[in-house]
Amino acid sequence: MIQDFGWGSLQFLFLGLLWTAGLAFITFIAGGILGMLFALGRTLGPACIRIPIKIYIELIQATPLLIVVFLAYYGLSFLGLYLPPLAAAAISMTVYATAFLADIWRGCIEAVPKGQWEAADSLGLSGSERLRYVILPQALRIAVGPTVGFMVQIVKNTSVTALIGFVELTRAGTLLNNMTFQPFHVFMSVAAMYFIVCYPLSWWSEKLKERRHANSAAN
Amino acid sequence: MFKFSSFGKVGALAGAALIAGTALMMSASANAQTIADIEAKQKVTIGVLTGIPPYDVTDSSGKTDGFLVDIARDIAADIGVDLEVVPVNNASRAASLESGRVDLLVAHMTATPERAKIFRMTNPYGAYEMRFIAPVGMELKKLDDLAGKRVSVPKGSTQDAAVSGYGIDGLEVVRFDDDALAMQALISGQVDATAAVAAVANDVIAKRGLAEKFEVKSEVPIFTLYWSMAVRKDAQELHQWLNNFIYYEEITGRLDELHNKWIGSPIPGGKLPTF
Amino acid sequence: MAYEMNFAPVLARAPELIDGAIATIELSAKSICIGLIIGLGVALIRFNRVPILKNIAAFYVETFRNTPLLVQLFLLFFGLPFLGVRLTATESAIVAVSLNLGAYSAEIFRAGLDAIPKTQIEAGLALGLSRLQTMRYVVILPALKVIYPSLTGQLTLTLLGTSITSAISATELTLAGAKIESQTFRSLETYIVLAVMYIAITFTFRAVYTLVGKWLFRRKVPKASIVAATIMDEETSQ
């Protein structure tokens, strides 16, 4: 049935937006946990951990997200794993987010002045105490701005999972267009919805970065 | 310097979570092979093609309904179990069957030899006419009229194979992810013609008031093709049951009745072939 | 069921893949040229706070940075004809990718311009350098050096982003791969080959960026960093 674009269409798109938000959230949590592990492994681990992590990050950062998503979707399902689009989308987005977050956070950890590490040592703190009480809090403060900025990228990049059939906002738009054939109305609405979600995050990210610069300038 | 203890603990936890998650996902796929299996799990999972109006419609809560869903309902009712509908598209339907996500596919798949190598295809449950759709003024009475033109098709579809195989000089085949995008390309004027299911095209033209602009060029037949259901290679009993089901639905007129409900006409081409 | 990988059907079509790779590089190169020019212009407008134009510039930057490329492509390719403007798939791709790069690079350039204190310019002039020499040695080159990792990282992201243009059938590598996949049914193998090709192209371009950086700065070479582009934060980039 072909329909006209109307209020019901917006509700349909809104449902897609909820799925987008859900996928972005899962990606951020899973990618965040793994990214933190990888970042720590990269900064503190022995070479046998550092090098594979570095290779992983370099390879993922050199592959288009679309290809990563297709690889996860086709690769895993043919290895015999039951993988509906949500799982494939979540796994591939997590692979992508882990690589980038690990790199961002490694940079933030390394940005903490060397003097802090030595001072913590001379205070007699153990390795994990040093991390927990001295290094990570400072690294996290540096990291907040860029991390929020990357969240915007995650939300936008969920749109790529539309191409494996996961019904998030962009795919909802395509399906809606299939029923209305009014691409201008449909995709303008879709763009507006992304903007409404992303712009506040972008704005917040800029504010956080500015504040940190002001703080470090004041130091 | 580097203490393994805290790192190791978190690592082990993450590893355990990953394994548990995978196990959970794997156990969720029950590969039902026979009718008894399906009856045992009290549910039949059917992959249904979506995004192909007028054969289907998706409402604002994401639920899909249509010709194929009605057939799926009949299947579930006749076996006597609940129905789980899994929406698929051209790109994902093969994977969903092969991976065990669905028990069978009612996804407008034409029974080509390539597909028959991977799946068991049933006797057809429906037919469609593939035609070119083009602007009203455009001269399109035979295949050679397409020389130098751009024609959109869904990638990997039978239209794709057919149109690519014609070998017409200068014909550019432009591939999109699904039928509707290929149709949209025509409506937006990005291509000169598209190869689509005649019923779908007529519906789009009528509902969007495009009768002045586009028409189905019925003088150039591409083909009349038939849609089959698909099951996995080892699901012989299910395959035979479905053939029976299709046979019965046809002779009782139920297939035509459903087709009429959604498309407005009986199934084209008369009696469905069997093989 | 056991699935055996078979790369032969995919590799047999290597010529198409090479053509696709060349198309991707062409598409990226054109978009990068246009995008950088747009970005520089917008950065200068915002830096000099040109009235009215600076608001339009801000609107442009925020719109393109907060909406996905795929949606922009659909709007341009499918939607624009209804307003009377029809761009081909490749043209739509170039426009969308350029405008995207323009928005991101505008912010990167702006950070670079902000990084040079006014005092440097005064010092340069006081040392007897002409305006032109001051601009070149005191402003542009140091600013470029500061933002080089972010900028080249963004260029890498741009090249990788062209794969999305396959959704509107723009001629490039991913589309070539999709065609091969749909005709050989070798999905996994096709995408592995595509990944390898993109990685090869990316690493090559990064080597080029490093060499260009070496020549431009003739001293410490900043490494192209996608993460720097993501963070746009001089302190945490290498």
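We call the chains A, B and C, going by the order they appear; numbering starts again at 1 in every chain.
Quick note on the criterion: a contact is a pair of C-beta atoms (placed from the backbone, for glycine too) under 8 Å apart; a residue touches a chain by one contact, two chains touch by 3 or more.
It should be emphasised that the depicted structure is a prediction, and the values quoted were computed from it without experimental measurement.
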item	value
Chain contact graph, described as a line, ring, star, complete graph or other shape	complete
Contact-richer chain pair [A-B vs A-C]	A-C
Maximum centroid distance from chain B, chain identifier (CA atoms)	C
Centre distance in Å when chain B and chain C are each reduced to the mean of their C-alpha atoms	37
Between chain B and chain A, distance of the C-alpha-averaged centres to the nearest whole Å	33
Chain centre separation (chain A, chain C; CA means) in Å	19
Touching two or more other chains - residue numbers and ranges from chain A	74, 78, 80, 163, 174, 177, 183
Per-residue overlap in chain B, given as positions that touch at least 2 other chains	95, 98, 177, 181, 184, 188
Multi-partner residues of chain C (at least 2 other chains)	1, 78-80, 82, 167, 187
Chain A contact footprint on chain C (complex, rising order)	1, 3, 62-63, 65-72, 74-75, 78-80, 82-83, 156, 160-164, 166-167, 174, 187-188, 191-192, 194-195, 198-199, 202-203, 226-227, 230-233, 235-238
Residue ranges of chain A in contact with chain C within the complex	59, 61-68, 70-71, 74-75, 78-80, 100, 103-104, 107-108, 110-111, 142, 145-146, 149-150, 152-153, 156-157, 159-160, 162-163, 170, 173-174, 177, 183-184, 187-188, 190-191, 194-195, 198-199, 202, 209, 216
Chain A-touching residues of chain B, taken from the complex the two chains share	1-3, 5-7, 10-11, 14, 22, 25-26, 28-29, 50-54, 57-62, 86-89, 91-92, 95-96, 98-101, 177-178, 180-181, 183-184, 187-188, 203-204, 206-208
Chain B to chain C touching residues, read off their complex	94-95, 98, 114, 118, 152, 155-156, 160-161, 174-177, 181, 184-185, 188-190, 233
Chain A residues touching chain B - in the complex, by the definition given at the top	1-2, 8-9, 11-12, 15, 33-34, 37, 40-41, 44-46, 73-74, 77-78, 80-85, 87, 126-128, 131, 163-165, 167, 174-175, 177-179, 181, 183
